[in-house]
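Shared chain: chain A. Partners: chain B in the first complex, chain C in the second.
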Partner chain A sequence: MASLWALIKKDLIQEWRSKDIISAMLAFAVLTLFIFNYALSLSPQAQASIATGIVWVLVVFAGTLGINRSFSAEQDQDCFDALLLGAPDLSLVYLAKMLSNFLIMALLALFLLPVYSLLYNYSLFNGLFVGLILLGAWAYSAMATLLAGLSVQTRMRDMLLPVLLFPLLMPVNIAVVKAGAGILEGLPFADFSIWFTLLAAYAVIITTISSMVFEYVIKE
Partner chain B sequence: MLSKNKWLSVLSVLAVLAVFGALALVIFYAPLELTMGLPQKIFYFHVSSAWLGMVSFFVAAIGGILYLARGKEVHDALSLAGVELGLLFSVLGTVTGMLWARPVWNTYWTWDPRLTTMTIMGFTYLGYLLLRRAIDSPTRAARLGAIYAIVGFVSVPLTFFSARLLRTIHPTIFGNTGEKMVMTSPMYQTMAASIVAFTLLFVVLLWHRVRLEMAQRMLDSEPEEGTAKHQVAKFDARGEEQ
Partner chain C sequence: MKLEVRGLSKRFGKTKVLNSAEFSLQSGEIIGLLGKNGAGKTTLLRLLAGVSRAESGVFYLDGQPWHASKNENRRMIAMLAHQPWLYENLTAIENLRFYDQLYHCQLGETALRQLLAKVGLEANARQVVRGFSRGMKQRLAIARCLLHQPKILLMDEPFTGLDDDGSQMLLQVLQEERAKDHIILASTHELSQLGTIADGYLRVEAGKVLAESPTEVLA
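Take a look at the complex of A and B:
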């Protein structure tokens, strides 16, 4: 537990000192929202059905931008060797990376929700909705962190992550968008609770499998 | 060195005969379906291809797990062969489905769960191949490919399940949701024959592909001391020095 916390702290301190990733992600997300506004001529009437979709796409795209960098420090400075020597258990390295990515994604989401609500005069501040986005962010980080560990070791690096990630992320995308639409349209929870179950199942399964296979990601 | 395998030769001939036999059954034996007519006949090969598109993922994942556990190259070759055949059969399944859908659904494409899942599966296979192509070291390609095959295999049923929760208009033969398609026993026999023939073809192709991959790697690897290839390599090296 102590070493897990130490690893998370390392990532967060590193990010806190530079703020490279989070600032790029936030700017990218807001700019993409502006593109969507004109590309899809977003009108206040259409809000309930597409608001979740828009917010989730922003989270996924901006998240991919950020998570792509999550192993680049280790790769560039050859710190994988240090992690191999230092970490008591390599699945902890994965869990720590996954959790720090999740925290950054959560920060991004908690920034995007008020911005979206402000710009469209449409409140997304619903406890269940925030919970849904956070659960989605966990499912997303679980898969993206593992695949970032793969793509960083290839020649194509940043280019490859979306191609590897997006097909495998399909269940998460469907579940978040469907559950979100249900919440914003004010349906009873029982109508869309299955999507929450699916998201939670995905997150737990992928987190478990990833922490099992992660040692093969970094061990030559 | 890889030598000719008698069983594989026999099996290859059998597979080709079986596929032609199934084709003959589809054309001459299976009756015309009442409402769909002739386009329905593509269904026999469509179902077989789709089935193998899914089986391939299983093969690839098993190969991946065995490779990570034991580190034998042949398991990596199995995984790679599984993915390549998976891409082939899922494209075949999708294309035959689209040809069928045009006259029956009046459109080539709907966002139906099965179509979507099959296509996403194809993209996962493609991702695997792109991943391997972008890695120079063969052992690293094998290792990372195995991991991707495993998580891909886990994610595909979840994709299917999540898409299935949305409504479906795809006819179902097995299971109990969606529009029912009623089949007579000659149709069932033809379908069973097609699936068996395609599965046999799949096994033969898989076997050939694994052997080809192993032969390729043997050629690429350092020649062993004393073999003819080693002598040639030594001779070439001397030539370059002078």
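Take a look at the complex of A and C:
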């Protein structure tokens, strides 16, 4: 646990000092939200079915922008090798990076919700909805962190991550949008609980598999 | 402690950098690793450290099969590479604290500061590494290597970027590690520094690793 915490703390301190990732993600998300605001004028009924899609698209695209850079400190100074030598278990390196990415994604999502509510005059402050977005962010981080570890070692890293990631994220995207629409339309939980189950299963399975294979992904 | 390497091979594409290389390293000795540019010195160090995969080859530590990449063995090794393996947005002391926690050394603040003092960076403990010169980064990387008291010390051009004081400090460190009966292998092109303390040499040439005595090398 001490090693895991050290790895997470190292990532968060670095991000706090450089603000490389979060500033790019926030700028992209807010600007895109403004564009959506001008492009779409939504009735309250349409809001319920479309709001989740807009928020989730922003989280995914802005997240990809940030996660693409999440291994840059390791890549720039060859610190991957230091982790290969020093980490007691290489799955910890994955888990720490995944949790750091999740925290940054959660911060982005929690920032976006009030901004969206303000711009569209439509409140997204619903406990279940926030929980859904955070569960989606976990599923997203689990897959994106593994693929970022893979793509960062290639010359095409900026292009490769979205190309690999977006098809594999389809179950997450569908589950978040379907469940989110159900929540905002006020449907009974039983009507959309299957999407929560799918999302949770995806997050757990991908986190488990990724922590097992990460060693082979980052080793030469 | 004796580390024996048998049949070590590595290729990059069609180029075979190491071809069934065989050699051994004895603890309590400082061994210089020589060879022309591109001969395979860095590759050899990375293979020994377990951060690169060999095409073939086996390691024996005191006669027992040994795998550098195994969890319990990785921590016996420290490597000083071309890149210092430091996080640029962390301060010097934060970098050491990070590696201290990663290795479960639990050295504490005083011991970490002593380590910084040993490499001459005590006054720079709270400075972010991004602002360090190449030599300062190299000093901090040396401290990082010593942090978990490794039994096998692998160094790739360790004198790079160091000034005269830094070079003297490194020579002192290497002699202390030799006195602790550790295995030390350091690649170098510059024999004026390492040549003063080396007990022997290995030369990488045409994919093979050949042992040479100090008298042969310095002649």
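Observations, loosely collected:
Definition applied: the second predicted complex is superposed on the first by the 212 of 220 C-alpha atoms of A that agree within 3 Å, B and C clash if a C-alpha of one lies under 4 Å from a C-alpha of the other, contacts with A are read in each partner's own complex, and residues count from 1 in each chain.
Please note the rule applied: a residue touches a chain if its C-beta (ideal position, glycine included) is under 8 Å from a C-beta of that chain, and two chains touch if they have at least 3 such contacts.
Given the structure is predicted, the values throughout are model-derived calculations rather than measurements.
The superposition on chain A brings chain B alongside chain C with room for both.
Once the two complexes are overlaid on the shared chain, A:Pro88 sits against chain C while remaining clear of chain B. Using the contact criterion defined above for the overlaid structures, shared-chain residue A:Trp5 touches chain C, although it does not reach chain B.
Legend: residue contacts after superposition of the two complexes on their common chain; A:Ile206 is shown touching chain B, with no touch to chain C. Legend: residue contacts after superposition of the two complexes on their common chain; A:Ile174 is shown touching chain B, with no touch to chain C. Of the two partner chains placed by superposition, only chain B is touched by A:Tyr216; chain C is not.
Aligning both complexes on chain A leaves chain B and chain C separated at their closest CA atoms by 5 Å.
When the two complexes are superposed on chain A, the residues of chain A that touch both chain B and chain C are 220.
Listing the residues of chain C that touch chain A in their complex gives 46, 49-53, 69, 71, 74-75, 77-79, 81-90, 94, 97-99, 101-104, 128, 144, 148. Contacts from chain A toward chain B in the complex involve residues 143, 146-147, 150-151, 153-156, 160, 163-164, 166-168, 170-171, 174-175, 178, 194-195, 198, 201-202, 205-206, 209-210, 213, 216-217, 220. Chain A contributes residues 2-3, 5-7, 9-10, 13-14, 17-18, 73, 76-79, 81-89, 219-220 to its touches with chain C in the complex. Of all residues in chain B, those touching chain A in their complex are 68, 116, 120-121, 123-124, 126-127, 130-131, 134-136, 139-140, 143-144, 146-148, 150-152, 154-155, 158-159, 161-163, 165-166.
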